[in-house]
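Next come the structures, one after another.
Next come two complexes built around chain A: one with chain B, the other with chain C.
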Partner chain A sequence: MFSSKIFLESFEPLMWAARYTLLVSGLGIAVGLVIGALICMASMSKSGFLRGFAAVWVSYLRGVPMLVQLLVVYYLLPVIGIDVPAIVAAVGTTAIVASAYISEIWRGAINALPKGQAEAAVAIGMAPGDVWRRVVLPQAVSLSLPALINELILLVKASSLVSVVGIMEITRASQAQAGSTFRPLEVYLAAACVYLAINLCLAALGRYLEHRMAV
Partner chain B sequence: MELSIFAHYWPMLLKGFGMTVLCWILGTGFGMALGLIIALIQRYSIAPVRWLVQVYVEIIRGTPFLVQLFLLYYGGPMVGIRLDPLPAGIVGLTIYGSPYFAEIFRSAFRAVPTGQIEAARAIGMSEPTIVQRILLPVGLVSALPALVNFSIILTKETVILSIITVPELLYQTQRMSTETFRYLEANLVLALFFWVFVEIISRIGRRFERRITHYLIERP
Partner chain C sequence: MVQASSVEVRNVDKFYGPFQALKNVSLSIPAGKVTCLIGPSGSGKSTLLRCMNFLEEYDRGEIRIDGKLIGYDAPGRKMSARNLRQMRRSIGMVFQQFNLWPHMTAQENVAEGLVRVRGMSKPEAMARAATELGKVGLADKLGNYPSRLSGGQQQRVAIARAVAMEPKLMLFDEPTSALDPELVGEVLNVMKALAAAGMTMVVVTHEMGFAAHVADQVAFLEKGELVAVDSPAGIFHAPKDERIWNFLRTYNERNSF
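Now for the complex of A and B:
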């Protein structure tokens, strides 16, 4: 029968493992934001080559399952002579997958801004760099915040896949725990609760931001 | 690069691909049906039932698919749910997809103009008839792009079933690579294959959408 003792005891190792989940998804989105910004710039640039590159980047990363990408990166790195711990492959894959979605989020946010804003800034004599820095980007960033929180929630869930390459995050830790206690039901339920707690917090943050950003 | 392994292993991979497609179609179909039921419950049922359904939706959307699969496949036998990998995978996909489909249907139902439903009531249609004649036909059309989109997302989730040993494409690819020690080639080719596959079905999906919604959705 259901053993609440084992259920409750599972929380301790899982909470401990949660830092890897948060590390992979948090670092993944942080690096993804930078790459995503570059891809977004490439997709809006005048050069056809850059636009094509961005299109292929986004299409590949959104068209291939993340688990497959993770395995490709994991097995590719040693072949090209880069010997790094699995965690780098995990964060790297998460970051490039996130970058594809983030670049689309930002492109959408920039396109959603009224054109008059940038035109007005140019009309009163702002330099092109200033137009971006002072008018377009601040508004685009705040417009895109709720979508970015959503992406972060997706990444927290996707980070369960990096258990496959041996990162001791929540899912991997719960597999180990289930193996040693022979009580998979309780342990995986506990794991689900930990994920749910993280994601409900993030969702609340998202709602708060959405409320604050509402014009 | 050693691509000759594919010459030897292609029948196994083809079988795996068939399994992927089977899981995808069944998971999407059942998931959509369950999603529709959930959306109808959320619209018509009494408040306590609605809350329960809402809790289900939040839980499924807030937990990773992999953990749900583990719960079902490894935890299920402890409460008497004994499933083989394939049925467990299909049930898992159904459960995982249902809240997303439910949300799609819910917003589509909300997009049906209230006037049409009021008009139907005014001429004396019963609620079930309204669902059948007004809500579903009008709602489904506006839901179609999102439904196609999410169905495509589900193709990519099917590879996760390999972890609970459903013999789909990734599972077979991994078997091939452990037998030949060719991990990189196998996974690289699998990635390219999925890219092409997803690209093709999303094009077909968009074309299908355009055809169905041709006269119903205003296009710029």
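Now for the complex of A and C:
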């Protein structure tokens, strides 16, 4: 018999655990945006070495499951004498994986801009830095917004993977809860609701931003 | 009257890989005059125009603006990016697709270059932009984003954006080709006013009427070659080359009814 009492009682510890979900995915995307921008620049640079580096970075991170990468980072670092707390390994891996996708999102947005946009700026003698800051980036950012929100939603879900290194986020907390109550169905349904609530909020935020930035 | 540049194109070659887009093109563009470049599509007229502000890099030959070589310090040695920017400041360009910046209002589009390139303060640049937009008949559209303007209005903003920089040479790359027919006139009128003010203008166009009535000289290109340079009367009424004659016949057939 489904116990709505257990279902409702599960929310409190899970929402508490959602802090870690938000921390890992939020910090992950924040750091991922910065690294992603650098990788994107590398992939569009004139230097063959930098382009090659970006290509390897993107294909490795997109080609290997995040769970495997997380385990590699978590078990590899101590072997080479670097001892990091689980949360750092979790956020770091999330950010690095996100950077690969984000760099591709930005590269796509920049390439989607008509060539004439930058040309019009170059033709009046604008310096390259201004062309980027004033003309290319503002448009690329708003073009990439839907894809970035999508990426953030994927990250929130992917953050369930960091439960394997012991981070008490929603998934890990619901496993513990299910174990102690012997009521897995109620607990996991509650966990599903918490994820859904977070992601519906993000999707709404995305629509709001898109609407605001649309010209 | 504006200060106007002259342009001297000498023996210019331009390649895209193995394809030669410009073949030994030479052309003198006198200061304060209107030169129209005409010819079939793919003839190299836009390429030639884009070489004049080095948006397209020519491979051989020379293009001199007021005697100063653009793009190169010496044959085969590229000019520094800084010096090239300096030269581009006095060359305005208007594009077929307008290329207004969609995230800025009409006024901000015009003010942007004044702030970033001419170093004006924002209020000064905005005031100047308002004046320039007034001159092209858009005083009531300052706050409009490009998406809220008709094609003809957008192209007039683009002209104001170029003219605000006080160029001595204006390059027009098929400025009316993307416009609905009923909007062509308003853009041509702005260009005529600019010509009357003594601006040196190089215009790639399919508007033979404009070429015939406003141009001081008309250059005809085909397959990367400059076939002839003559007065409009010479080109349109007494073409010396069969290729010009063929081009004009096709043009007339298409535009007669």
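Basically, the second predicted complex is superposed on the first by the 212 of 215 C-alpha atoms of A that agree within 3 Å, B and C clash if a C-alpha of one lies under 4 Å from a C-alpha of the other, contacts with A are read in each partner's own complex, and residues count from 1 in each chain.
Keep in mind that, in the parts below, contacts are C-beta pairs under 8 Å (C-beta built on N, C-alpha and C of every residue); 3 or more make two chains touch, one makes a residue touch a chain.
As the structure is a prediction and not an experimental result, all values here were calculated from the model.
Undergrad: Looking at the combined model built on chain A, do chain B and chain C fit side by side or clash?
TA: Aligned on chain A, chain B and chain C fit with no clash.
Undergrad: More residues of chain A in touch with chain C or with chain B?
TA: Looking at chain A, the partner in contact with more of its residues is B.
Undergrad: Considering only C-alpha centres, what angle arises at chain A between the directions to chain B and chain C, nearest 10 degrees?
TA: Reported to the nearest 10, the angle reads 100 degrees.
Undergrad: Thinking of the overlay built on chain A, is A:Gly166 touched by chain B (first), by chain C (second), by both, or by neither?
TA: Once the two structures are laid over each other on A, A:Gly166 reaches no partner at all.
Undergrad: Is A:Ala203 touching anything from chain B or chain C once the two structures are fitted on A? First, second, both or neither.
TA: first
Undergrad: Which partner does A:Pro85 contact after superposing on A: first (chain B), second (chain C), both, neither?
TA: It touches nothing on chain B or chain C.
Undergrad: Of the partners chain B and chain C, which touch A:Glu119 in the superposed model: first, second, both, neither?
TA: In the superposed model, A:Glu119 contacts chain C only, not chain B.
Undergrad: Which partner does A:Gly52 contact after superposing on A: first (chain B), second (chain C), both, neither?
TA: The answer is neither, since A:Gly52 touches no partner chain.
Undergrad: Give me, in Å and rounded to a whole number, the least C-alpha distance separating chain B from chain C in the superposition.
TA: 18
Undergrad: Give me the intersection of chain A's contacts with chain B and its contacts with chain C, in residue numbers.
TA: After superposing on chain A, no chain A residue contacts both chain B and chain C.
Undergrad: Show me the residue ranges of chain A that touch chain B in the complex, using the header's touch definition.
TA: Touch list, chain A to chain B: 2, 59-60, 62-69, 71-72, 75-76, 79, 153, 156-161, 163-164, 170-171, 174-175, 178, 183-186, 188-189, 191-192, 195-196, 199-200, 203.
Undergrad: Okay, in this complex, where on chain C does chain A touch?
TA: 53, 55, 81, 85-89, 91-93, 95, 97, 99-103, 112-113, 116-117, 145-147, 158, 161-162, 165
Undergrad: Using the touch rule from the top, collect the residues of chain B that touch chain A in their complex.
TA: Chain B reaches chain A through residues 58-59, 61-68, 70-71, 74-76, 78-79, 156-160, 162-163, 170, 183-184, 187-188, 190-191, 194-195, 198-199, 202.
Undergrad: Report the residues of chain A in contact with chain C in the complex, numbered from low to high.
TA: 114, 116-117, 119-128, 130, 134-135, 138-139, 142, 215
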